[in-house]
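Pasting in a structure now, in structure tokens, and then I'll have a few things to ask.
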Amino acid sequence: MLGCRQALIISIKDEHREGRAVDIEALANQYSSKTPEDILRLALESFDNVAISFSGAEDVVLVDMASRIQPDVRVFSLDTGRLHPETYRFLDRVRERYPIRFEALSPDAMAVERLVREKGLFSFYQDGHQECCGIRKVGPLRRRLQSLDAWVTGQRKDQSLATRATIAVVERDAAFSTPEHALVKFNPLANWTAAEVWDYIRSNDVPYNELHERGFVSIGCEPCTRAILPYQQEREGRWWWEDAADKECGLHKANVAVRRR
Amino acid sequence: MLGCRQALIISIKDEHREGRAVDIEALANQYSSKTPEDILRLALESFDNVAISFSGAEDVVLVDMASRIQPDVRVFSLDTGRLHPETYRFLDRVRERYPIRFEALSPDAMAVERLVREKGLFSFYQDGHQECCGIRKVGPLRRRLQSLDAWVTGQRKDQSLATRATIAVVERDAAFSTPEHALVKFNPLANWTAAEVWDYIRSNDVPYNELHERGFVSIGCEPCTRAILPYQQEREGRWWWEDAADKECGLHKANVAVRRR
Amino acid sequence: MLGCRQALIISIKDEHREGRAVDIEALANQYSSKTPEDILRLALESFDNVAISFSGAEDVVLVDMASRIQPDVRVFSLDTGRLHPETYRFLDRVRERYPIRFEALSPDAMAVERLVREKGLFSFYQDGHQECCGIRKVGPLRRRLQSLDAWVTGQRKDQSLATRATIAVVERDAAFSTPEHALVKFNPLANWTAAEVWDYIRSNDVPYNELHERGFVSIGCEPCTRAILPYQQEREGRWWWEDAADKECGLHKANVAVRRR
Amino acid sequence: MLGCRQALIISIKDEHREGRAVDIEALANQYSSKTPEDILRLALESFDNVAISFSGAEDVVLVDMASRIQPDVRVFSLDTGRLHPETYRFLDRVRERYPIRFEALSPDAMAVERLVREKGLFSFYQDGHQECCGIRKVGPLRRRLQSLDAWVTGQRKDQSLATRATIAVVERDAAFSTPEHALVKFNPLANWTAAEVWDYIRSNDVPYNELHERGFVSIGCEPCTRAILPYQQEREGRWWWEDAADKECGLHKANVAVRRR
């Protein structure tokens, strides 16, 4: 218990470029009602090794906000090899529109080949999406996060009552921190509603994934995403053959698993 | 003024099949917080010559509710000749699923030919939609309404702050009544929200237009309807090149024009 | 028999604008190996009351050719009320691109309403397409042809071995002529192959129906047309639930029925 | 020159499972007018380490034919990470329909990441497709071919006058053989026309990629493939922004480059 508390004390950059010890939980409380821009600024100014994880959906607002704060901000997307053609086009439009440093992370060829050889290209419909997400998303993400001290995600509380209702605006990443390496996760949109995100997109003329014009709200891999009906909960468009409580791909697994302390 | 008041007194069927004078405004007040089913039952039991106007969109809930009250209820759609292929398929699925008496109303051939000869097939983008709607929707509707004493629509207050905020659950039809012929309009869904309509559709396994799976919410003619973005107001998918206050096709024109009394 | 021969003698315009008696069969022989442009010029110069029937598909080459000969040539399309949205857009693009006099012919409202009331919107899948085509295509066409002395179609021999193998480049219209009114039909593309038509379209930058970019070759009404596979015969995309020999909508019925007098 | 001649003498399996020296050019002549099935049988019976390269398009006929000869035949596809969703679905349908041993080969993660980091996700539109194909197709193919003695492709002469007019039914693979390792390439469909391939598919009820129902003929990666117009040459649907003579992805580069000897 004590060890756990200690892990929450991390070192951030101060104005004099020297490390300063900070209590993450105190920071989360302090920023819990700040704007997404404030939280983003905190993330970008506190860490040199920080990057935004961009899914190719409405979390593009983070890219828009961040590039106003730090134009060459690092942004990465998980290119699972199974994204919609529309999503690839959108990622590239974002890459061209903003002066960001953009990366797409690819899964390990051998791991993908082994999965397909043994179970085919759609095993997730039978076995659940965890195995495939593990190879195509979590693996490349884990590799990338090893060289980061903090990352920024587009998670929001309103995305899922089952798994995201208690997200903090900043937290120690319970899934990807290691005993040797504390990782901080910022969720600047945690308290925003989907309606606020879309107001921002329209008001600021932010580019968006053209799938949003065809009934898609939450967007992931092509075989695992579908359009939803009007007034349907957005996560019903993801892994619809599984239970609501399982609808996390592993990036934010701690949402579900570590919600204790 | 007195004449106007008098016009609101109409004759409805009572249990003994004899006419009974009723004050429409009193009825509207009495039913203002009743369920859609109650209002529909009132409509179907008060009039022999009554029919439901079905647009091919989420107002299918009216057909579902009505067919439980009166299985061979009359339902008509305005086949403008420019509906989506998906809407034609949906209309026919509804016709086959329910024991209703279904009609599709067609526009006058000469009037359509004249419009196209003079202005082409897409004049509404330049001249506004009123002329085309007048020929393809209002004309056939007016003809049909002449043989009805009452009709039922799927209008809801929440569809448009600009034009539909004050719809009554039952009203004298200010647009289609004539001095010789009082027409009553029932709006059983006036007080429902879109979310309630969609809850009903999903809970009762009501068939729906497949366009709703592609980002379409409000659905009209193909060239004049488009999908909307998440959290965009539904009427932004209709006649999007025009101002919000003009977004009535003429069926419910009185919503805008006659809002006086 | 003699009367039949005589019927083939029709009167055409000569240079001095006076009628000149012509033997149609002789003309057909004389023009059997002429170019489509030659045949079109014959049609447009021989008759004042002549119009091109334009289906909204690759017969657009006739419009392109004709508008070079006579810019304000009359062109009509049969707007069945069930065309593809893409076809309506294409018709209007053609109307705007060329200085032609364009008309869209609409079916009789009462006839359409009766059919739908009795059999629904897709009766052709059960009863065959003749009844629906009769109302939506043949009726309006017959009405229009009454005021014409000649019409021009895009029929080609290579479209169907079963029904179109012996089309003449000009013929007395066996289906729509009446004892009182001889009607001449020109088929300038009779001897062209589909490949030649498409070479013309591409070489001359003629606009084409965007459905041709999605596997559609022959294009009719939306519910009765489908894309075909590579190297599939083009008429397999029309009324595919019926036998090949029935695949005429009635416009060119004589192709099948009257093939020999 | 002599060395080159010598390389064409390769060792194949005979009935007694012992190597037998064979002159490839003589074999090519001997089989030049044999059926695809005969050529396939030669390939499968001559080599233990042989596999079919399956693009996910109409070369599915090879899988159908081969699985009748040797049900557990090895089939691999190059999963570039940018195939159409429809192609992934089709690959899996083929994998489930036939008892084959199916593999999908993935590109090296680091190589893909580097390309995207430097040039984005659509560099091929500017720089040509060779670099991207090199990473996503040729690399994984080269790796796989190292453990094979022969492979089978669906190349046909009629696919391209510019690059495929002289394909032999069997040949030493000039692109992927190494001084230490001779690789034989079989092209059983070399002499078939596209029409024959499609006749086979329809006659034998072979599953096909649903893109073929939308105007797609030749099918590669999603950003680099498009539907073609009726009667357009099939390779015009591939890398359409480049010259015809460059339209090989590198798998069959020797078609163009090594056509000397």
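Each chain carries a letter (A, B, C and D) given by its place in the written order, and its residues are counted from 1.
Methods note: contacts are C-beta pairs under 8 Å (C-beta built on N, C-alpha and C of every residue); 3 or more make two chains touch, one makes a residue touch a chain.
Small disclaimer: the values here were computed from a predicted structure and weren't measured.
J.: Can you list every chain that touches subunit A and also touches subunit B?
T.: Both-contact set = empty.
J.: Farthest chain from subunit C, going by the mean of C-alpha atoms per chain?
T.: It is A whose centre lies farthest from that of subunit C.
J.: On a C-alpha centroid basis, what's the spacing between subunit B and subunit D, in Å?
T.: 58
J.: Distance-wise, how many Å sit between the C-alpha centres of subunit C and subunit D, to the nearest whole number?
T.: 44
J.: How many angstrom lie between the CA centroids of subunit A and subunit D, rounded to a whole number?
T.: Comparing mean C-alpha positions, subunit D is 39 Å from subunit A.
J.: Identify all positions of subunit A at which a residue touches two or more other chains, and write them in rising order.
T.: Residues: none.
J.: Work through the pairs of chains, note which ones touch, and then classify the graph as line, ring, star, complete or other.
T.: Shape of the chain contacts: a ring, since each chain touches exactly two and the loop closes.
J.: Judged by the touch rule stated earlier, which pairs of chains are there in contact?
T.: A-B, A-D, B-C, C-D
J.: Spell out the residues on subunit A that touch subunit B in their complex, using ranges where they run on.
T.: Where subunit A meets subunit B, its residues are 58, 194-195, 198-199, 201-202, 208, 212-217, 227, 229-232, 234.
J.: Which positions of subunit C touch subunit B when the two form their complex?
T.: 79, 81-82, 84-85, 88-89, 91-92, 95-96, 102-110, 112-113, 116-117, 120-122, 140, 222-223
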